[in-house]
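Scrolling down, you'll hit the structures one after another.
Each of the next two complexes has chain A plus one more chain, namely chain B in the first and chain C in the second.
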Partner chain A sequence: MHPLYERLKHLFPLDEVTEQRPDLLFVTLPREHLRSLLLHLRDIEGFSHLVLLTAVDWIEEGQFQLTYLLHNRPKAQDIGVRIKLARDSATMESIHTLWPTAATYQRELREMFGIDFPGSPGVEEDFILEGWIDLPPYRRDFDTKKFSDENYNHRPGRETHDPAEYMKQQLYPNGL
Partner chain B sequence: MGIFDADRSQYPTPGPDGSLDIDLTSGKYLKLWQGPNHPGITGNMSLELIVCGDEVVKGTTHVGYLHRGFEKLMERRTFIQCFPIVCRICVPEPDFNEYCYAAAVEELAGIQAPERANWIRTLILEMGRINSYLMYLGGQAGAFGLGVIAQWTTYVRDLMLDRFEELSGARIYHMFILPGGVRDGLPDGFEQRMEETLREIEETLQQVYDVMFCNAVFKKRAVGLGYVDPAWIEPYGITGPVARAAGVANDVRKDQPYLVYPELDFEPVIGHDSDLYTRADVRRRDLLLSVDLIRQILAGMPSDGPLMAEIPSVLHWRIPRGETYIRGECSRGEYGYYLVTDGSGYPRRVNVRGPSYTHAVALFERLVVNVNISDVAALLVSLHTYPPEIER
Partner chain C sequence: MQSKDFSKAELQKRTVTGPDGVEFEVDPMRDYFCEAPPTVMPPAYIKIVEDLFNWARAESIWILGFGTGCGAIEMRPLMTPRFDAYRYGIQWRPTPRQANLFVISGYLSVKTLKRAIRSYEQMQNPKYVVGLGSCTINGGMYWDSYNTIKRLDDYLPVDLYITGCMPRPEALLQGFMDLKKVIRAGNAEGANRYAENFAWYKANQKQIIHDWDMPEYSW
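Now for the complex of A and B:
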């Protein structure tokens, strides 16, 4: 197993571990341990660069996955910390005190996924979508097609095809 | 140029949470909007500036004028349908999107791109870097009123676009780096025409150096402006030339080499003064490094070999559940793609990490305080920001 995982597993209750590449490790962690793990990674292990913070909507499992990707420059090593949140009560602790730039990521996540980060500077202000009142648009249950049909005029001459079916018809007009 | 006044008595008092209590009705402060339509703004974004006299007291970045929902669009498209979309995220240097997306898909699908394709990919990325830097140099000089520099750099950039056109058939969005390899090899006589273009770029850069970097007006305004403290690099996620100008030699091409960079001989370009002048100079020298790298790539490139790996039928291409992150060093810093797949024929999530995301928002809002209004445009250009990376 990865040497970084060997060091971390004695200190934190890590759940699922994926060694994607020798220089990229993903670990899953209960949410209450996030801050202490990030502090440990930043101050002890040297993962001082917050590469990104984003979310993945696993709607079938009723969960959001938050991914905190950190980078250790001298060792050229990355670690992705995965946190699972229930979709219906998506609130997470803010990490803007560890990395000021995290406030921008958290502001975007609140707008696009509806995940709240209480206390994060400017988190309630609009970031990209001004005056948006619909469902947060990057959630899987937000239907872009329906939104488009309801809000924009139909332009004649445009058709939407299922790509697989359409290509099959184009390539094999007489059937397979 | 504004002269920094150490007397802060004219400034609003910060509240307990650090936010400024600014009373716009007092007549002491004025709110100015720079953008979204303004010559002093980089692309489609705007700055909300509160000024006291000529000095900025507070600046806020507003984005969203170019939001096209790329990440959401890709969730409803097959892996190959995403390929023509990704390059549109960044106009001046679209190739990084193609490379990062292709490399992420290849990694999760277990595909290995052929060696010759990797050489051509590296060539394209360096050509794109030259284009992006030339655009930056023109913009940086233009922000100080040196309009002629932009005309020179636009001319040589056009020559590089000609090389792109003969290689890929397109000038701006090349759509050349496919998951699995590249679309084609080099056309006949490409090396010679590229050498002529590189010489022209070198000559123009020497003229740019004489007219811009040795210009007393440029020096007077640029030296000392927009100082980035090296201690901010990690907290603010600063990468690329902005970090290298602060003396931190961080360059993904060297730190975590990808494609054929391990076989090329180069050292990251660094500066030490961390002001606007140093950042411009680091980019000028980095441009010359790219010229050298292109010569090395053309000399070392294998003349034959496959250009595409075997990939599954694109109509039925499913990728097992997994996630990965691929990064590269673009002209502005670290560019990366975080790709999550769920076993279906569509990506579950694609997240694009552009360097402008941290530079243009958190870092810029900090840097702009105390800056004279006439220097704001130049300061923003010196961070080399492209708004589409922020709002994707």
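Now for the complex of A and C:
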């Protein structure tokens, strides 16, 4: 098993582990242990860089999955920390005190997924969308096509073809 | 759909103390902009003079350097020696006040549309709009996107479209030549169309820009 995992598994209740590559490990753990694990990784294991913070919408399970990807520059090693949180009125503790840059990711997640991070600086402000009035657009129950049809005028005359069928028609009009 | 409060603090009426210590009230939405809507500019009194004007306009197309989508990348080879649009009297200007051609270079998100409308309204008459690429015509590859418009001519008066995704610089040059013909024929009346149908354009714009926090007419 991965040496980093060997060191971590005695300290934290890790649920599920994926060793993607020798230099990339994903661990899952309950959300209440996230902050202590991130602190441990940052201050003791040397993962000083928050690469990204992103979300996945597992709508069938009623959960959001947050992934905190950290990088250890001297060892050229990455670790992704995954947590699951309930999809309804999703709220997560902010980590902007650990990495100030996390505030930007959290602002984006609030706007695009509707995950709230109370206390994160500027999290209430508009990030990319201005004047958004519908469901957060990256949620999977948001119907992009329907929203587009209802809100933006289409120019008539747009045709859509199945590429394979269309090229067959074009190249072999009399059949194969 | 829920209603949200989009009022912004910097747009509220406030009391400001000037450098000489005098206090005065500032209402940003009224004091910094002219409230009068645009007016239709009639042609010159006789046709030959108008033709002369149109010839002069066609020979000095000044483009606003505002790249909205990926199409803006085509502007660089166009303005540099490889394709050298300057030899046709076409040049790029840094501010809307100095430009008379607005090239909408690709997809417009709602957020960018707001800025494009304000930039367009700040341009001097006579002014022209060219829609570049399929995104401005029918949405292109962003036809089902939640945040981009599909028909540019619902929001701004377009004089000419250049098709392609992306159009090559040669296609743009050809488009500019065609625009010159349109201008010289006296048919590039986009600014007057905008003034005539001002209410219709504003209604279309406000239909999708939900946090309307700018003056009716940015001049």
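The working rule: the second predicted complex is superposed on the first by the 158 of 176 C-alpha atoms of A that agree within 3 Å, B and C clash if a C-alpha of one lies under 4 Å from a C-alpha of the other, contacts with A are read in each partner's own complex, and residues count from 1 in each chain.
In the analysis below, a residue touches a chain if its C-beta (ideal position, glycine included) is under 8 Å from a C-beta of that chain, and two chains touch if they have at least 3 such contacts.
Computed from a prediction, not measured in an experiment: that's the story for all the values here.
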Contacts of A:Leu37 with chain B and chain C, given as first, second, both or neither: neither
Which of chain B and chain C A:Tyr152 touches, first, second, both or neither: second
First, second, both or neither for A:Leu24, with chain B first and chain C second: first
Chain B versus chain C as contact partner of A:Leu129, first or second or both or neither: both
Which superposed partner A:Pro137 touches (first chain B, second chain C, both, neither): both
Contacts of A:Val81 with chain B and chain C, given as first, second, both or neither: neither
Partner chain in contact with A:Asp57 - chain B first, chain C second, else both or neither: first
Chain B versus chain C, judged by how many residues of chain A each one touches: B
First (chain B), second (chain C), both or neither touched by A:Met167: first
Interface residues of chain A shared between complexes with chain B and chain C: 126, 128-130, 137, 144
Touching residues (chain side chain A, partner chain B) in the complex: 18, 20-21, 23-24, 26, 48-52, 54-57, 67, 69, 73, 76, 78, 80, 99-101, 103-104, 126-130, 137-138, 140, 144, 163-164, 167-168
Of chain B, residues touching chain A in the complex: 63-64, 67, 69, 71-73, 75-78, 81, 107, 234-237, 239, 250, 255-256, 315-316, 322-325, 327, 334, 336, 338, 340, 345, 348-349, 351, 353, 357-358, 361-363, 391
Residue ranges of chain C touching chain A (in the complex, touch as defined): 1-4, 6, 110-111, 114, 137-139, 143-151, 154, 204, 207-212
Sites on chain A touched by chain C in the complex: 126, 128-134, 137, 142, 144-145, 147-148, 151-155, 157-158
